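So, here come the structures, one by one.
Next, two complexes with subunit A in common: one pairs it with subunit B, the other with subunit C.
What follows is the complex of A and B.
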């Protein structure tokens, strides 16, 4: 005898919420790597920043450090503005802000590359080891972010995102902010302490 | 939209001020321990602002409809 199935009003899983939680778990695991790098900096060099050889000036370029920090901070603002624009359907503003974030990210990476080229220490020294490792790992994340922002930007130009569907933009922008948070700790550890 | 943008700008200004204060503090304070704790405090404050307002950490614990 056929029995009528009870009406199912069960709501399916919230895909965006699952994506968001997964991204935060990824951030947590990444944070452990960056925390270990940060602790190795203090383990190897204590609270010191070495001086240039034969000089009483610090070996790191303070002005350059501050400049690239401001640029990365500014890129977080453009990324936030871009994400908010897509959330509210202002696609044109969103396109420009994502593009500005990409450009600022590339300028930041260029600043790090310049610092590497003009560094007054070598990778054979303890500070050089942590400096090149920390900035190198961070810069590789910046370049990953630039590539992902580029992919999202192209998809956005093709009209793939709108007010209802903008999770890829939000996800990449969150990753970009995470990279900024890492630099918030790396900058004082490498340049100011 | 405008409200969200305004909030973003306010957070950006606070972050910029904290960054400049951090730099001036580091350049002018000679005591290593005080400098370390001061810079750590500024970094934690900046990170908390970015995580909460820019990365929308609060949304992790809210249903999608509530955004």
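What follows is the complex of A and C.
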């Protein structure tokens, strides 16, 4: 991926630095989407979390929320381990760690889907609107990350990456960390306030 | 026919994607147990997204880029000559011209709509349109012109001139650049299709609750604009990385041409704030097709949320429009005054100051919206503060002309007009930034006149100045100077008469966006309409001049303006890699009249020329 730039004779800067800055700028831009959704949550609903009908329990599932948060944070650990494994040429460990990240990401998305299915509020009311939008936009980022991890995993199995050339792995893992950090802001705003 | 297969292939895969999306949406509705499979706006939205993906894949994303994500070999783009302009070409010069031609055509279409509006508005009562048609044309004129104002200078001159001016051979992400451009045609075609698919009712700002409740083509409008937001974001990202990493040796930040500075700062605004309109339109879309309640007061939503999110982007957006205009104007003023740019560092500081303040003034669009009163003073003060950095830029322009040897060619006339028009726009802006006067003037033609003075007067005049200035570089041919000057004077007079007079009915309370008005405004509106037709006819002169010169004009020299910046130190048009040998920057770009000063040298040029002489330098020798 990194080499096939035809007919270009760049002098000084190396492509990885350019790619990395491009990715950081992309995160900088994306962060505003999440910031605006987060602000909308407080603008419309303040600190309110609705209650289940006819009880004084909160309508969000605290156990499930905590569980998927832990799973997503663990997936960042496996992603990081996978990236450093490729940097040090330990390809087998790298393959397994990327696969573990994919599985954890899918479990997280499944948890969100379960929360949607069992939710005690509808998308037609304001809390439901912000809850489904925020978790939905975030989960779609998780899923796109899973797809990119899948592509990278297949290429890794075919032996494409080594100590010198592993930018696609690093790029996807950076994206994965970014999506995790977003959840670190979303989780308290939706479950804990 | 590489061009035809590319465009037709992209259209084919786009249509396939569209129908695939329709089918996907209906299958999903079946699986989730909805009684009716067809829900117009929802199914068409999914179809649009799939169709857009199909279109960009077919146009070249798949063959030239995406294949390598799956470990396959990519194809090279084999198009030559004019056919490059209809393919997924990664050359920044081709992409710049693609943007320019596309947006000049859209500009003429949207300008024609303004002419139709002035036909209707020439007299009170309804003669030419019915109300729905007027709303559709008014909304479309607004949004298309906003698109032109945002992307014509950035996409056109930014892509064409920035890599040349910093001595790079291309942008940092050439394939991303091509992808970004090819997202634009669907946006334009979808927007132009809206009158035939139900029209638009909510204006270019698309406020809910109307935008949520209307049965018109609002969903398509939202999807098209969200795609356009993607164009801004990806384009901005590319410019920032290019300017940071690909400057030639010796091109320090304090030697950067002012246009590059303006583009760099604009790119930061575009990259960050454009997500605001993306989110605002996305929320409306969710309310429309997803049954959500962001803006439905009855269920706990709040329409004011839209205005906050929308203007959080759309106020910085006017700086996305006007900063590149300032950059072009200052660039032209210094080249055609044959003097160093006055107070270069203060001008750059002014541009940075505008970028810094642009994000904290948005609610001055909302003084009458019903937001809390305590928000009025801070936004009033922040808005007025912007006149300080703007003033720095303005004074840099004036100081540059002062005692200069002003060379009144067509580009210079446009640059001088930018100073004049933007001064008028700035003065009228004060009344709109002050809460007491704004409450009176809100939603009147005074706002329309002010906005056109700043954006048309400040940016579109710079755009045309830039077109004349870079035309010889882009096409290798010279435009007709006499026709250029005729175009300028017609446009300048027509513009100022139209929009200066438009302030007056505005002060008396004539409402904007409404097709009819009290008959006491008949005479003054007739005058405005006649002046507007005169303004519109000036573009026929422009069009004729540009088309004729592109095919039949005399060959242009490499540096017809004797300018010092780098893009003029190579042939017209430049070879594929821009420079025969990499430039090394030795001094400031604008040191006109400073003895012994040099901007750039080509140290390998002499040794390199014989070996690389066959590589495309023929045009340079001809100059």
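In this section, the second predicted complex is superposed on the first by the 182 of 193 C-alpha atoms of A that agree within 3 Å, B and C clash if a C-alpha of one lies under 4 Å from a C-alpha of the other, contacts with A are read in each partner's own complex, and residues count from 1 in each chain.
What we mean here is this: a contact is a pair of C-beta atoms (placed from the backbone, for glycine too) under 8 Å apart; a residue touches a chain by one contact, two chains touch by 3 or more.
Values in this document were obtained by computation on a predicted structure and should not be read as measured data.
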item: First, second, both or neither for A:157, with subunit B first and subunit C second; value: neither
item: Partner chain in contact with A:51 - subunit B first, subunit C second, else both or neither; value: neither
item: Subunit B versus subunit C as contact partner of A:174, first or second or both or neither; value: first
item: Subunit B versus subunit C as contact partner of A:21, first or second or both or neither; value: both
item: First, second, both or neither for A:103, with subunit B first and subunit C second; value: neither
item: Which of subunit B and subunit C A:123 touches, first, second, both or neither; value: second
item: Touching both subunit C and subunit B, counted on subunit A across the two superposed complexes; value: 17, 21
item: Subunit A to subunit C touching residues, read off their complex; value: 1, 4, 6-11, 13, 17-18, 21-22, 25-26, 28-30, 32-33, 36-37, 40, 43-45, 123-129, 132-133, 151, 154-155, 158, 160
item: Residues on subunit C engaged by subunit A in the complex (per definition of touch); value: 68-71, 74, 76, 169-170, 172-174, 176, 233, 236-238, 240-241, 244-246, 249, 271-276, 278-279, 283, 286, 290-294, 296, 299-302, 305, 308-309, 312, 576-577, 582
item: Complex contact set, residues of subunit B against subunit A; value: 1, 4-5, 8-9, 12, 15-16, 19, 22-23, 26-27, 32-33, 35-36, 39-40, 42-43, 46-47, 50-51, 54-57, 59-60, 63-64
item: Residues of subunit A that touch subunit B when the two form their complex; value: 14, 16-17, 20-21, 24, 47, 62, 66, 69-70, 73, 76-77, 79-81, 84-85, 87-88, 90, 174, 177-178, 180-181, 184-185, 188, 191-193
